[in-house]
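Each remark here refers to the structure printed beneath this line.
Should a chain be cited, it is by its letter among A, B and C, assigned in written order, with residues numbered from 1 in that chain.
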Amino acid sequence: MIVKVLLTLWMAAMIVAAFLYAGAAAGFPGQTSRILFFHVPQAWIATLSFLLSMVASCMYLARRRVRADYLALSAAELGLLFCILATATGSIFAKATWGSFWNWDPRETSIVILLMIYGAYFALRSAVPDPDKRRVFAAVYSILAFVTVPFLVFVVPRITASLHPEDTMNPTNPGMDPKTLKVFLGSLLAYTGLFVWMLRLRIRLLRLEGRQEPEFVISEKLKQEGEKG
Amino acid sequence: MKSGRWRTQTGPLTYLNEATAIWLRDLRGEFRTRYAVNSILMFAVTTLVAVSFSIGSFRIGDAEKPFLYSVLLWIILVFSALSGLSRSFVKEEEAGTIDVLKLSARSQAVFLGKLFFNLTLLGALELIIVPLFILLMNYKIASPGHFAAMIISGGFGLGAGTTIVAAMIAQASARGALFSVLSFPLLLPLMITAIKGCERAADGMNTAGWPEVRIAVAYTVIMIIMSLFLFPLIWEE
Amino acid sequence: MYSLKVSNLCKHYTETLLFKDISFELHPGEVMAITGWNGSGKSTLLRIIAGLVRPSLGKVEMFMEDEPVPKESRRKFLGMVAPALALYDELTALENMEFFCKVRGIAYDRESCLNMMKRVGLTENANKTCRNYSSGMKQRLKLVQALLHNPPLLLLDEPGCNLDSNGMKIVEDIILEHRQLGMTVIASNEKREVAYADRAINLSE
């Protein structure tokens, strides 16, 4: 309860600060740099969430504990959400700064590929009816997808940079004057808090739903009978 | 009713023997039914004809050709491959032979055998389509050795990245579309590299070291190793 | 000396409980029958023993000279016949057998394969592709496939299905011969098929 309230207040404070407290960064037209206070944390969370989901998948494959799969699934769902947000805010920024909504520069490309990976992950999950198989397959796919990411990090910049050298976005340095830095880090904290809070809620929900599943009901019944008999 | 007992020694060579047996059997079956080959080649030839007909070799400026042709070629290759590479696993599932295969062969041997089969299909595809493309589109290639290396390593990467996905979708529902949806994100790094590599080979600039070929080889090796680890998890329930 | 130990096997699919608390031990020379209505889970139980399906609860263990056999290796010591287990249609019978020999790591001996096929009554058709086989012929070939590597454990799921009375006689002979040295589990409702069983488990109760 407390956490929820604190989080809300902090996020609200960050939103206000992004517009009123920090100055607009030089080198970007008008007030456009302000969106980076939101866009960059979203992109980072989207990527880290993917990493988290992959690690949870490894944990699931190692011990086959369903909770690891709940974590993997929730992280993937939230990752997808933040990825969509990051793509949208990035696109708005691109329109404001360079005049077109989409440019296929390295970062834009990477975020879209991440979006596709998430989409494929959910497509796979919905195509396997048997729950155990579904978890194993989803975990395997998430690991495979993760393995291709280093290639994207190396490959995409080499290819597209040589085609469009002027389009390299550099959102990690939105003018490092102290006020901006403070708001930036504060926003990152707010988004991380939001992510963790939503993640825990989602996992709790999955656990509760899992208890209603027929498999669970039956297996619990069987285990109890096994203990009694 | 005597025949040999099951071989008890294990070692990498026996894996290869088993994998080869699976590969050759798949080839033999394919030779007799020609299902996957037909599917892949028909797709490739149809697309190629459509591209060649609508674009022709005179509508594009010479400066654009190396890049654009490379893109078109790889689009044709990748989508043709996606139309037929899941066949080896899906056929086993549909014919009901998947259980007897699970009971007879080691999982990594199954993976390797299917991988070899997919690579054979891809090899045949590239052997037919790439020269045809070069001919029809009048593709001028400055360093053919580099180009060939890119095509070959790209083909290996295509097989390496998709075989394990094929195994997954064969045991799922909605197979056709799902295979492409799952494979595409995994193949994107390879595709981007291969397109760039062919472009460089065609215009002959900056070809020192063949970096894209090395990336494609690295991709192939990594995907095969990961698949060898992960395949048993998918194969054995 | 092999033995099979099945403990507290339970299997359920979403809302349906197929069976629970199945436990037994099997030693060479013993034949176990699994009976029950259609859909009672006989085939599933056999598939769990074979290692093709995971049980919801319980476990299956195989021992060789009291040493447990790891799950991945269990398939080497069993041969299975089942309606769901198909052979390769586009290959001939001999090619199928050659494939299974190679992939199981057994030396392929054409003569002995032909002898086995003769024993189940399949000689003239050795060189036709299985697509042209009748279901009875396919069933006989499945029996050959299961015996190719002399497994200590034989899992037979409705071994007589699609077979005429000659075929049934062959199945009985195989069961009797295997019974001398090996373990057998037969899932069936046919009286002739379970006639030689020492004990039975009925899944419908």
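Operating definition for what follows: contacts are C-beta pairs under 8 Å (C-beta built on N, C-alpha and C of every residue); 3 or more make two chains touch, one makes a residue touch a chain.
As the structure is a prediction and not an experimental result, all values here were calculated from the model.
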Requested in this report: Determine the shape of the graph in which chains are vertices and touching pairs are edges (line, ring, star, complete, other).
Outcome: complete
**Report entry** Distance-to-centre winner among chains (Cα means, whole assembly as reference)
**Finding:** B
Query - Gap in Å, rounded to a whole number, between the CA centres of chain C and chain A - result: 49
Report task. Averaged over CA atoms, how far is the centre of chain A from the centre of chain B? Could you give it in whole Å? Result -> 31
**Report entry** Whole-Å gap between the CA centroids of chain B and chain C
**Finding:** 36
Query - Multi-partner residues of chain C (each touching 2 or more other chains) - result: 54
Query raised in the report: Which residues of chain B are in contact with two or more other chains?
Result: 237
Query raised in the report: What are the residues of chain A that contact at least two other chains?
Result: 132
Query raised in the report: How about chain B: which of its residues touch chain A in the complex?
Result: 161, 164-165, 168-169, 171-174, 178, 181-182, 184-186, 188-190, 192-193, 196, 211, 215, 218-219, 222-223, 226-227, 230, 233-234, 237
Report summary line: chain C contacts chain A in the complex at 8, 10, 12, 14-15, 17, 20-21, 54, 56-57
Query raised in the report: Can you list the residues on chain B that touch chain C in the complex?
Result: 1-7, 14, 17-18, 21-22, 25, 28-29, 32-33, 95-97, 99-107, 109, 232, 236-237
Report summary line: chain C partner, complex, touching residues on chain A are 132, 214-215, 218-219, 222-223, 225-226, 229
**Report entry** chain C to chain B touching residues, read off their complex
**Finding:** 47, 50-54, 71-72, 75-78, 80, 82, 84-91, 95, 99-107, 109, 112-113, 115-116, 119, 129, 145, 147-150, 177
